[in-house]
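Each of the next two complexes has chain A plus one other chain: chain B in the first, chain C in the second.
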Partner chain A sequence: MILGALAKQEINWLKSNPPAADNVQEDGIVMSSRVRLARNLSNQPFPLRADRILQLSTMDKVVSAVQSINLLSNAYVHKLNDLDKIDRLLLMERHLISHEHASNINGGPGLVFTRDETISIMVNEEDHLRMQVITPGLSPKIAWKTLNEIDDGLNEKLKFAFHPRWGYLTACPTNIGTGMRVSCLMHLPGLVITNEIERLFNGLTRVGLTARGFYGEGTKPLGDIFQISNAVTLGKNEESIIDDLGKVVNSIIRYEKGARQKLLKDSLKEKVEDNIYRSYGILSFAKSIETEEAIQHISKLKLGLSLKMKLAVKLDSIDQLIFTIQPAHLQEIVGRELTAEQRDATRAELIRKSLIN
Partner chain B sequence: MLCNICKKNDATIFFKGIFDNQVVKINLCEECAKKKGIEFKPELSLPEIIATLSDLGLPIVTENKKTVKCKSCGLAYTEFKERGRLGCADCYNTFESYLAPLIERIHGKSKHTGKKTAPTTLESTGYEKEGLSQQISLLKKQLNEAVKSEEYEKAAELRDKIRELEKKQ
Partner chain C sequence: MILGALAKQEINWLKSNPPAADNVQEDGIVMSSRVRLARNLSNQPFPLRADRILQLSTMDKVVSAVQSINLLSNAYVHKLNDLDKIDRLLLMERHLISHEHASNINGGPGLVFTRDETISIMVNEEDHLRMQVITPGLSPKIAWKTLNEIDDGLNEKLKFAFHPRWGYLTACPTNIGTGMRVSCLMHLPGLVITNEIERLFNGLTRVGLTARGFYGEGTKPLGDIFQISNAVTLGKNEESIIDDLGKVVNSIIRYEKGARQKLLKDSLKEKVEDNIYRSYGILSFAKSIETEEAIQHISKLKLGLSLKMKLAVKLDSIDQLIFTIQPAHLQEIVGRELTAEQRDATRAELIRKSLIN
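After this line comes the complex of A and B, so read on.
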């Protein structure tokens, strides 16, 4: 466990009021935006077909290319095999690596990330490089501007596999073309409570978008938080992928606001408020609480704040709390491995304290 | 080439078809063909198309998907089917004819229109020449596929395109 300091650091990309041109007032509905690019080095097998030695040599190439890029000059570099399970889990909880990357113990998985955690590059995940930029609120254009610059910079040093018809080549054909995935982390309790979320998801599929869980592909949603992202990566350029996602996200914001208005109507209001205050009560007094349950209740508080209910918490700290109560975070913060029971008790204590402050 | 039936006259009518995943070739002389009741319709008929295809010298061979392996990384197509992941950039060339329809199904599009990799790095990737010959070989592969799946109208279209491009060469 060597990443304790990281666990105690606030997550920058959750801080509200980004100086974003494409940012709109969204009541904490869009928590963050993320753009990622998948790239592979030409003339060598993709990580899944490369042995550990080859993977480590890929890592060396990437690390040396990274050094020529100003934006990455202060970046941390980690070979994940040098980190223990809790450290790797922490990186996943902070959305710096995927679940697959955290559990890869045989290959040579690597990670490069900036101190503010805005920029990160997974090395030897499914593709040689999976680079991402995360920015606060609805700001995918800003994220893309930075990521595009990094991609250009790396491309000066690294030869990427590219096909004239199919663009950037990736291990899975679902990512070819731009190799780009844009997503917004959205808090949609209104649509969940009013049972409109399924309809939204069906609609998304029709416009080439998809909803993923809290930690990305193949993970489940927690606390009514979803990642809305593009599904199609070929045949559209990067700007249109971002524009199209932006338009849909703006519509989802409107739907969510509409749904929240419904919650304030007499028939529902009392029930909803009761529900939120109960969550507040549990979080304020519980002596032991599991991650999922905690996130569910914190999500309710987040909704309560947007409905202007009187709750002694701030939106910013609520968002941070969703991340800091996760298992690896707790263990890093206390500096030792904890049993599940100990974690639940520590979690409850941490939440109680943060609500009082 | 002698007629398969009488084994005397020169064969002038050639059939190629896929039966049971095997290429079957039948070469007939006009006489034996008539005896077998094979008639020719004036418009686009199957044997005519197939005959013109073989004029182009196309290797109409059934590749068994199970045995095709990528020369660069050794991945078999069946492994891709199981795991959904390709082994290297060259797999996209090796399995191009299988991947093309899949890719179109996934993305609804078949051509990258976004950012391109830096030109300096293109030279050594082996993919840099989007020239005529590449387009032609691509069309020929599609033509093969069309014949295999018995889409003869599409095949005829492709054949015309190939001829057009070959004139330009």
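After this line comes the complex of A and C, so read on.
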């Protein structure tokens, strides 16, 4: 465990009111925006086909190229095999690496990320490079501007595999073309409570978008938080993909706001408020609580704040709390491995303290 | 609704530390003791066989006899048909009348009870008279002393049906003989949590005792509160019945204390404390709560106090609260009929206020 300082650091891409032009703070509905590019070195086998030696050579090339990029000059570089499983889990909990990358212990998995965690590059995940920029609120254009700059800089040094007809080549055909995935992390409790979420998700599929869980692909939603992202990476340029996602996300914001208006109607209002206050009561007094249950209750407080209920918490700290109560965070913060029971007790304590402050 | 003042009055037989010789305050385990006698006028049909005229004449005779008894000189007298259904429900909630008597609207159901509610007489329930004395804590002997005195006084005036071989005659053969039922209202959360309660209840049956629900025979337990009473009224004198019940109740107190000791053991302690604090949190913040759920959580606080947990409530007010949050109480307190939703909201508010005070 060597990442305690990181665990204690606030997540910058959750901070509201960033100085970003296309950012619209919609009652915390859009928590963050993320753009990632999948890139591979030309004339090199993909990581899953490369042995450890080849993977380490890829890592060396990436690290050397990174040093020439201004935006990445202060970045941390980690070989994941040098980190223990709690450190790797922490990186996943902070959305710096994928679930798969956290458990990838063969070959030479690597990670480069800036001190503010907004820019990161997974090396030797499914592709040689998975680069991402995460920014607060609804701001995929801001994220894309930065990522595009990094992509251009690295391409000069690394020569990415590119086919004139198919675009950027990737290990999995679902990423070919732009290699781009753009997503927004959205808090949609209104649509969940009013049972409109299923219909919305069915609609997304028809416009080439998809809804994923809290930790991305193949993970389940927690606390009514979903990743809305493009499903198709081919046949559109990057700007169109971002524009199209932005339009749909704006529609979802409107739907969610409409659903929250319904929650304020007489018959539902008392039930919803009761529900939120009960979550507040449980979080204020529980002595032991599991991650999933905690996130569900915290999500309720987040909804309560947007409904202007009087709760002694701030939206910013609520968002941070969703991340810091995760298992690896707790263990990094206390500086030692904990049993499940100890984690549940530590989690409850951390939540109680953060509600008092 | 004319019993608002009664609804607002504290229940005297729940107050701890009464000046009673045989009372032992066992961490609130025994909430109250009750002795009742079933009596019938001789040469008169039982109430279920009597028409309205005959029932009213019984009521008149009882009321006239009552006036000659010192202990009852200030008693209230009610014909239940003059009360609306909320008033009658209030009397049941305060354990002054049975579930059956509350819904008895044919004939001439009546009630006589002292201002402190410790002595009451149901008239024209199943028997002509059902007299009871309720006292706080473990004190059936105190209750019996008072009730015996009243029984003697009334017998002089009313001449109760008595058979030299079978004893006092009653409408149902399960009450024949002494006509006596003695019971203790016991809070047994320890035995419930440790799953020992079933075995205890099976044992009770073998020694001629029985466990009943919160409102007595045919009602279900609420908040781990049970009425432990004698099942047999025949073949023993009153003192033996009381002695035998007292012995068993003292054993149950020991079992319950033993169970609570188990709850303080490492593995269970955190779970139990978490559970109690969650109840505290829910009661502190809920905006709507049903009677059963509320009593379950209040019961947890009562347990918490006995486990020396820091909770901003007093045992006395906890016991009172279990009674005042009942539906008729709430409506009498606010002075008007409420819908189920309104009751749930009023109940939650009353609980929140009583936890703050």
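Going forward, the second predicted complex is superposed on the first by the 356 of 357 C-alpha atoms of A that agree within 3 Å, B and C clash if a C-alpha of one lies under 4 Å from a C-alpha of the other, contacts with A are read in each partner's own complex, and residues count from 1 in each chain.
The working rule: a contact is a pair of C-beta atoms (placed from the backbone, for glycine too) under 8 Å apart; a residue touches a chain by one contact, two chains touch by 3 or more.
Predicted, not measured: the structure shown is a model, and the values here were computed from it.
Using the touch definition from the top, say if A:314 reaches chain B (first), chain C (second), both or neither.
So A:314 meets neither chain B nor chain C here.
For A:167 in the superposed arrangement: first (chain B), second (chain C), both or neither?
In the superposed model, A:167 contacts chain B only, not chain C.
Regarding the shared-chain residue A:208, is it in contact with chain B (first), chain C (second), both, or neither?
first
Of the partners chain B and chain C, which touch A:336 in the superposed model: first, second, both, neither?
A:336: touches no partner chain.
Which partner chains sit in contact with A:8 here, chain B, chain C, both or neither? Use first/second/both/neither.
The answer is neither, since A:8 touches no partner chain.
Touch test for A:247: chain B only (first), chain C only (second), both, or neither?
neither
By residue count, is chain A touched more by chain B or by chain C?
In the superposed model, B touches more residues of chain A.
Would you tell me the residues on chain A in contact with chain B in one complex that are also in contact with chain C in the other?
None.
How about chain C: which of its residues touch chain A in the complex?
Its residues touching chain A are 270-271, 273-274, 277-278, 280-289, 341, 345, 348.
Flag every residue of chain A that touches chain B in the complex, lowest number first.
Where chain A meets chain B, its residues are 40, 42-46, 48-49, 126, 148, 151-152, 155-156, 158-169, 171-174, 176-178, 180, 208, 232-238, 241.
State the interface residues of chain B toward chain A in the complex, per the touch definition above.
Going by the criterion above, the answer is residues 72-75, 83-89, 92, 99, 102-103, 106-118, 120-122, 124-128, 130, 134, 138.
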